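Common to both upcoming complexes is chain A, partnered first by chain B, then by chain C.
Up next, the complex of A and B:
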């Protein structure tokens, strides 16, 4: 099988219809000029022409913001558990229009959540989901993936990777799963010509050059600079500005901290265990029994996030955990810009 | 095991928070099966009792009489819960002018001045249920935690955290003076989600950074309202280290 095939945009709509018959499809949709990832039921809802990133990252479809892990019932002194994992396991989903930066973020999450300790809920959702990426024809003003080594090229982590070539898509096959999809729909695909593959390379080079117009250091190599400047003055400045709202963590495709609580019924005879997203900017994040808060000072919380992205990730999984998607910059009400912070640290 | 004795009391208020509780309908009935309600004017319950396990108090303190009543409730009760913004903060939200402590007026019942004080100005409050009105589910959660002998923890985040999960466009980006960044969350960001700015009905967030919000308003050309300057005097930049 060829690694590259093409499909016209018309035929892509046919493919979408077929996918909708076989999978639960999650795709970018546009509402009031804003792009979301959402379950869709009609090809007309899907918007594959969007620029930049979706506001919330794909992680919520693998690690939802609120998730019931199991329910329980107490009968005659016995506790019966019903694990929600059963429901998660069966699903067959296709996630379309995932950007290269977000594909990389899923690979990072895999290392953490299916690494030394395995999160069965996340793993089951990952297993059951086909990843169809979409390269960028145009970055937005917040994108800096070229400096984090996570875009605009994608070197793996997808089943299929699409590139918009105007009236058709070039599709790179990245896995057996992806190949099966192509094989099952051979009437829609043609082998790609050399020119078409070159066209994609030219396009990605252009996007990369555009991103590189920002002057940033190579962010995969800022560890030492960060290590040296843990007590630098600039952290106090960011701490003074930060609102501790946690928006940056919620929108970050690689943040995966969570809290777990139980929700019993009033008579205590049944209940559920729930997992929700957490944020290292919240005071409660480091509150322990007895009430002590370890990171009560705001600069220390600002640092926790940024150091986790550029240093602790290197310690823990061997690479930085920022994929340069720019979402945290876009949503921060206080204008805290992680690119700028990293640049300043390197220049200290 | 004896059922915990519960009393529900109102200081000065619109009783809207109690209505939220009553709106829980079948859940409230179920709740009442786990406790013994001994005192509640709104429901016409008045049994004789000595001590209370849980006192739920709604409304702000507006007279000496109410102050006396509140102190008495506190003395009889193991746990005292402030229900709603009036009880928690004197019903001021964040966007109201914080300057008044007492306004001279002629009111019925011989009152000479207007005041609206939070319960904890006079007595120790064990738990706060924030909001105007409160959220019924929050109240339910508190109730369950208390019955199980656990600590009730209000939402640890501000309104923005829930707002971003709703995929909302930030109102600050449209030049609207939203108070979400300094307001305690837990409401599900209902106001911003319906396009209205947050007016701080749940009171200040745990780690509110008023200094920064003022800077943000200024930078975006949003006029800084008087009440923010007043708040700044009280809390400034919060915990900044």
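Up next, the complex of A and C:
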């Protein structure tokens, strides 16, 4: 099998219809002028022409913002538990139109959540989901993936990776799973020519050059600079500006901290154990029994997220955990720009 | 490991023992299993269904396999629920999690144990182990500090332990019955004579205690790899996922809760805080 095939945009609509028959399809859709990843039922809903990133990253389709881990019932001094994992298993899904930065974020989450311990809810959803990526033709002003080693090219982590070449898509096959999809739809694909493959390379080079117009250090190698400046003045400044709202955590494709609590029914006879996304910017995040809070000062909480991205990630999984998507910059009400922070740290 | 590590095993509270006005030890028997195998210093997550889950150090002897005990201070929703349930109550148990005391490494050495308040809980399984293998260890000293005489836990055990190891107590504030030392636990260190080259120091207590005791141990000549402590952080999952217990690039729940000072000294975020 060739590594590269092409499909016309007309035929892609046919492919979408077929995928909708075989998978639950998640794809970019436009709502009120913004792009979301969403379950779709009609090819007409899908927007594969969007610029930059989706408003929210794909993590919620693997690690939802609210997840019931199990339910319980208490009857006459007995407790019965009902595992919700079974409901997660077995779903066959296709995630379409996901950017290389976000593909990288899933690879990072894999390393964290499927390691010595395995998060079974996340792992089951990952197992059942086909990843069909889409490279950027036009980054937005927040994109900096070229500096985090996570774009605009994707080096892995996808089953298929599409590039928009105008009237057709060049498709790179990244796995056996992806190859099977192509094989099952051979009437829609044809082998790519050398020119088409080159066209993609040119396109990605152009996108990379555009992203590199901003001057940033190589963010995969800022560990030492950050380590040296843990107590630097600038963190006090960021601490003063940060509103501790947690938006950066929610839109970050690799932030996965969570809280766990019980939601009982009114009479207490049953209930559910729920996990929800949490934020290291919240005061409650490090509060232990008895009331002590380990990160009571805001600078320490601002630092927790940024250091987790550029240093602790390296300690934890051997690479930085920022993919340069720029979403945290886009949503920060205080205008905190993680790129600028990293650049300032390197220049200290 | 069970199929789903978030799903607790069910356990019955078979015995409770009031330690202090706000602290009790709960004995848990896990349903349908041969108990729990653990290393002293490891912890479990205990569920009170409807109230949530909280981490507790296992405080019972590792030689006793048919049950586990946790010593609990009534300070939050889960702990209040445990107190209200009492004997016969059904709870959930996940674990054991984390890394306990490095017992094999400590064999043949003296032990200087320092416990503060309810922080003595994770030392209890270690002490029971040491007493059961008394010849495998050199001199063993336990320094224990509580707020007041009423706050001293494990009163029965302390008497029994005295027959095998050197137990020294202090309270922050004495009362009319108290004839012993007063002052924070570091005052007991003033009288300790051990060779730091042949001794492991082992501590658990509130952060401020660990902060000052560690400083003192360094002054006494203990090297960083002979200063061990169990750190307290919020631990929701026990598996290094939920992020609450992170210090620098380490997760207290998975990489600890027992650490050597040498393992956390170089972390970017200070592990020992006042």
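Side notes on the structure shown:
The definition used in the following text is that the second predicted complex is superposed on the first by the 345 of 348 C-alpha atoms of A that agree within 3 Å, B and C clash if a C-alpha of one lies under 4 Å from a C-alpha of the other, contacts with A are read in each partner's own complex, and residues count from 1 in each chain.
Quick note on the criterion: a residue touches a chain if its C-beta (ideal position, glycine included) is under 8 Å from a C-beta of that chain, and two chains touch if they have at least 3 such contacts.
All of these numbers come straight from a predicted model, not from anything done at the bench.
Residue by residue along chain A, chain B and chain C are tallied for touches, and C comes out ahead.
Once the two complexes are overlaid on the shared chain, A:264 sits against chain B and chain C alike. After overlaying the two complexes on the shared chain, residue contacts for A:112 are found with chain C alone; chain B is out of touch. In the superposition on chain A, contact of A:168 is made with neither chain B nor chain C.
By the touch criterion defined above, A:246 reaches chain B but does not reach chain C. In the overlay built on the shared chain, the residue A:83 is in contact with chain C alone; chain B does not reach it. Looking at the shared chain after the overlay, A:200 reaches neither chain B nor chain C.
Of the two partner chains, neither chain B nor chain C is touched by A:305.
Under the contact criterion defined above, the residues of chain A that touch both chain B in one complex and chain C in the other are 264, 268, 300. On the side of chain B, the complex with chain A involves touching residues 27, 30-31, 33-34, 140-141, 143-144, 147-148, 153, 156-158, 160-161, 163-165, 167, 169-170, 172, 180-182, 205-207, 209, 211-213, 215-216, 219, 237-241. Contacts from chain A toward chain B in the complex involve residues 32, 34, 36, 55-56, 65, 236, 239-247, 250-251, 263-264, 266-268, 277, 279, 282-284, 296-300, 331, 333-335. Across the complex, chain A meets chain C through its residues 69-70, 72, 74, 77-79, 81, 83, 85, 112-113, 115-121, 226-227, 230, 256-262, 264, 268, 271, 273, 275, 278, 280, 285-292, 294, 300, 303-304, 307-308, 311-316.
Considering their complex, residues 1, 3-8, 10, 47, 49-54, 73, 75-76, 79, 88, 90, 92, 206-207, 232-234, 236-237, 239-244, 246, 248-250, 254, 268-269, 273 of chain C touch chain A.
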